[in-house]
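I've put the structures underneath this note.
In the two complexes that follow, chain A is the common piece, with chain B as its partner first and chain C second.
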Partner chain A sequence: MTSHRLRSLGFWSLVVAILAYMTLPTLVVLMTSVNPTEILAFPPEGISFQWYEKALTYPDFQRAFKNGLIVTSLASTAALIVGSTFAWLVHRYTFRGRGLLEAVLWSPLIIPHFTLGFGFLLLGGAFGLQQGYVMIVLAHMVLVMPFVTRAVYVSLANIDPDLTRAAANLGASPFHVLTRIELPLVLPGMAGGWLIAAVLSLTEFTASLYVTGSRTQTLPVAMYNYIREYADPTVSAISALLIIATTLIMFIADRAFGLRRVLAIDTH
Partner chain B sequence: MIQRRPFFITFLAPAVVTAVILAAALFEVLQYSVREFVPGSLNVGGFTLDNFTRINRPIYWWVLLDTFYISLLTAVFSLLLSYPVAFALVRAKRDWVRSLLVSLSITPLFTGEIVRTFSWMLMLGSDGFINSMLRKLSLIDMPLQIMYTRLGVVVALVQFSMPVMIILLATAISHVDRDCEKAAANLGASPGAVFWRITLPLTLPGILSGIVVVFAWTMSAFSTPQLIGGGKVLMISNLVYLQGFSVLNLPFAATLSLIALIAALGSLVLMKSLTGRLEKRLAIG
Partner chain C sequence: MTQTPIVPAAVELVRVRKDFGSAVGVADVSLKIERGEFLTLLGPSGCGKSTLLGMIAGFLTPTAGKIVVDGDDITGVEPYRRDIGMVFQSYALFPHMNVFDNIAFGLRMRKMAKAEIVAEVRRAIEMMKLDGFEERRVSQLSGGQQQRVALARAVVIRPKVLLLDEPLSALDKNLRAQMQVELSDLHRKTGLTTIFVTHDQGEALSLSDRIVVMNRGEVQQVATPIELYRTPANGFVASFIGEINALPVARYEIDGTDAALALPGAGRLVAPARPDRGFAHGAQVRAFLRPEHVRPALPDETVANVVRGVVTTHIYQGSHTITRVEVEGIGLIETRVTGAEIVGAYPIGAPIALVLDIGQAVLLAAP
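Moving on, here comes the complex of A and B:
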């Protein structure tokens, strides 16, 4: 074996070992979710779906799942509307105060989620809306919006400016340029951004812990409360379902809308 | 009439409304941080700076230091483990290898922090995966105590932060001009020398931004120190939660979360100036 071969073998073994560290916890969750008894064994001594049954029939999880769906659909759709129009604004226009507006709306990427959640908790208190859906949806929307904005902005920037200019020269109204030229071209970016926003909202925990109450808690918060009191594989089952669901959604998003481009990972 | 800026208001209005709401929420944190705590009540008293002077006690300094220390360790180990993966991800010759590497390294980002923290509890517990395996291999008699230690928290945090680190490093590595490497190799540099003297220095800006982003990100981690630290490892986020929900001292919780925000912002500003300087130097050199 040449030294080049040897080095390459060593490098790839290292990569495989690191990837094992990254993926092992997920595999262990999947493994324990079918564990037949309450006491974990590695590998499990048999297969049972009782924890899935328990997870799906546990009232707290059922309600939390429903709450989560309400919050996620409202928050990601609101984020889609505000994030998209904001992307158009930044793409097309410069104006006084644009820098400040951008700084504020990008800031949730940097602000700790507990600071933001705490802020919305206090804001809700000031208006008598604490632990209500309004504040939860607002907090989620603000947190996931940057991802929509980014996805839409990237799509807009990729449009050939000659296209819109030609349409305008041929007499298309601004409304037509927007709806007939730009919108169809940006639609995949909007859909991809919306899916990312939905997944992030569905799995958001820290800010949700601050803004939700026992009646409005979302699934991650209900899971946290369960973990603190019980130690059985019920949470493994619900985690496994979440892992499968998010992986599927992201896979579809990647296939359909080029997720890698949305996340700006270029490998070439 | 020809509109000079079609739809300007339509595009502007939603963004402004959202920005105002977000600013109001942050302003509430600021406002509470300068209010007096009334024990036994959620209402706050008059304006005061006591919350900020209260920070100046050893116990809070220790939590702050520990937060910095854990975040720094996480950032460094995340970098060391992510670089080979990012390198493989960019340079793999086969398409399916690249796709597989992207999926394996990025998907953990989307399962959410509770699922990931819980999976590490299953890994690290005294009856967890690691201890069971070690016992099966007869390497240990007594289970290793990894849960409720700083080590356990860092092990989990490193794994959480790796997708983001890999994305940033992969972007930096894909921007390296392969001709520079080829030229060095043609001039007789060994593959090792090409990597250490050409590739690595050219990706320094990416390395730096990766470290700082992960550092800032880890400083605001909550569920991992909360559940894996189990009260034995306190980061600033856990202190905020404790003050806000157990002690019900909202003003002090606000002060602490404001400090966390400032620390996160500060490290990013620091990064901007460092990478800016570095890129200038790279451009000259």
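Moving on, here comes the complex of A and C:
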């Protein structure tokens, strides 16, 4: 064996090891979801889809899923509107306090979700909004805001400044430059940002644990509550369904809106 | 069809200045551009030509001075109210619109009636030979086609002035030559007052009515291409336009009807005294001589202004050859002769005698 082939073998072993390390926990959960018996055994002793059926028909999960959809659509949309406006302001204008605004906007990336959830719980108590939809939506909105803002900001920054100049040169007022040039060009970024926000919100657990109640709990919270009482593969099945759903959303988003560009993986 | 003829505007720049912090972008430029003129701003990158264009378009605000179009001071007018068309170096075609919508954009912003827009765009498409491309996305077009869409889009609004910001620099050589002809045709057909920015002296010489040579934010000379080539105003213009030999600084001596250049270390070069040169006896001057005004001396030829040197390089260019000769006391002199015979007659390293046609030289006062 030549040294080149040896090196190549070493490289691929490393790649496989990293892949295994990253996907193993998920694989274990997925494998237990098809276990025919009522214990969370690994490796599984056969193949059965009964837990999927139970997961889909379990009332708590159904309700939590609906709650999640309500929270997600409201929080992501609100974050999109506020985040896009922020992104446009930061992109377009230089003003005092711009740095501070940016810092506040990015802060949910640094501050633990635990802290944010706890903070919202205390705030909710002060305003009598404990564990209601308003509080959950507000909390989720803050959590997903950096991602939406980032997506829109990157799309804006990717617009060739000559395009807006050309539009003005051809007689477009600032309003028309915004509506005819900038908005259509950032629309994919906005859609992609909304989808990322939706996925994050749908699967968020830590902060949601504090701000949701038994009536308003979202799916990850319902799953946690379930597994504290029953240790059967139903949670594995619902996990699998959640993974499949989010993968599908991300795949469609990448195809339709170029998620790579939205996430600034290649900016030109 | 309603075809209002284009009424080209006259443009005047009055002591226009642009500072970038402590750096000077454009230094007090005053310039009059005639109705329907094709004027070129020529200079190396960073000379201020694009900054000047940006101020005329309204993307940059002058630090001082004013810009007047047809008697109206437009210095403070927003770009979208200026009626000035522009073709960008990057073309800046709208990627989310097809060819038709790109060209129609300016007309739609002017709230023109739909039927009229269709007619105007059709005419622009015909003029720029873009028939059949109306529905194409701009990303599906070649560089030359994109260029023509950009031109059609700028011309269709019947602008008072057309600005061209290095529009040919992104094209390959053959296409550039072809687009040069098309630009010239377009100017002839539309009669638009056109301001063209380029760093390519060849483009400037072949397209322009007049050329403004700029360097470090300042205008060096404003002249027709022929004047610019024959009588450059200073050393910068002389070396920027075409190839030229700069001889060492010499003493200008008048002796009756003859004038002589006394070159330290290389003897005297004589020329008929031309009163228009206006140098006093004893002035320090520098002579600039085009390569076509230098030729190898014939064997046993006895004429004035022969210098001797050694061939260092031949650059064969098909129709002619550029030969570099190291001349003692002067330095490198380039000669340009027809054909390739010189390559065989004077191999590299061979001694050669050159005749300098000093009567054709441009003499400038040495600083």
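Rule of thumb we're sticking to: the second predicted complex is superposed on the first by the 256 of 268 C-alpha atoms of A that agree within 3 Å, B and C clash if a C-alpha of one lies under 4 Å from a C-alpha of the other, contacts with A are read in each partner's own complex, and residues count from 1 in each chain.
Everything below uses one rule, namely that a contact is a pair of C-beta atoms (placed from the backbone, for glycine too) under 8 Å apart; a residue touches a chain by one contact, two chains touch by 3 or more.
Just so you know, these numbers come straight off a predicted model, no measurement behind them.
**Q** Once chain A from each complex is brought into register, does chain C clash with chain B or fit beside it?
**A** The answer is fit.
**Q** According to the stated criteria, A:189 is in contact with first (chain B), second (chain C), both, or neither; which is it?
**A** Once the two structures are laid over each other on A, A:189 reaches no partner at all.
**Q** After superposition on the shared chain, which partner residues are touched by A:7: those of chain B (first), chain C (second), both, or neither?
**A** Only chain B; A:7 stays clear of chain C.
**Q** So, does A:205 touch the first partner chain B, the second partner chain C, both, or neither?
**A** A:205: touches chain B, not chain C.
**Q** Touch test for A:170: chain B only (first), chain C only (second), both, or neither?
**A** second
**Q** Looking at chain A, does chain C or chain B touch more of its residues?
**A** If we count touched residues of chain A for both partners, the winner is B.
**Q** Who does A:68 touch here: chain B (first), chain C (second), both, or neither?
**A** Neither partner.
**Q** Check whether A:160 is in contact with chain B, with chain C, with both or with neither, and answer first, second, both or neither.
**A** Second partner only.
**Q** With both complexes superposed on chain A, which partner does A:181 reach: first (chain B), second (chain C), both or neither?
**A** In the superposed model, A:181 contacts chain C only, not chain B.
**Q** Report, in whole Å, the shortest distance between any C-alpha atom of chain B and any C-alpha atom of chain C after the two complexes are superposed.
**A** 8
**Q** Which chain A residues are contacted by chain C in one complex and by chain B in the other?
**A** Residues 174, which sit in both footprints.
**Q** Of all residues in chain A, which touch chain C in the complex?
**A** 160, 162-163, 165-174, 176, 180-181, 184-185
**Q** Within the complex, which stretch of chain B touches chain A?
**A** 3, 5-8, 10-12, 14-19, 21-29, 31-32, 42, 81, 84-85, 88-90, 98, 101-108, 110-116, 118-123, 127-129, 132-133, 136, 159, 162, 167, 170-171, 174, 191, 216, 219-220, 222-223, 227, 237, 240-241, 244, 250, 253-254, 257-258, 260-261, 264-265, 268
**Q** Please output the residues of chain A touching chain B within their complex, sorted ascending.
**A** 4, 7, 11-12, 14-15, 18-19, 21-26, 28-29, 32, 39-42, 81-82, 85-86, 88-89, 92-93, 95, 101, 104-105, 107-108, 110-116, 118-120, 122-123, 125-126, 138-139, 141-142, 145, 174-175, 178, 196, 199-200, 202-206, 209-210, 220, 223-224, 227-228, 235-236, 239, 242-243, 246-247, 249-251, 260, 263-268
**Q** Quick check: in the complex, which residue numbers of chain C touch chain A?
**A** Within the complex, chain C contacts chain A at residues 57-59, 78-86, 88-90, 92-96, 105-106, 109-110, 153-154, 157.
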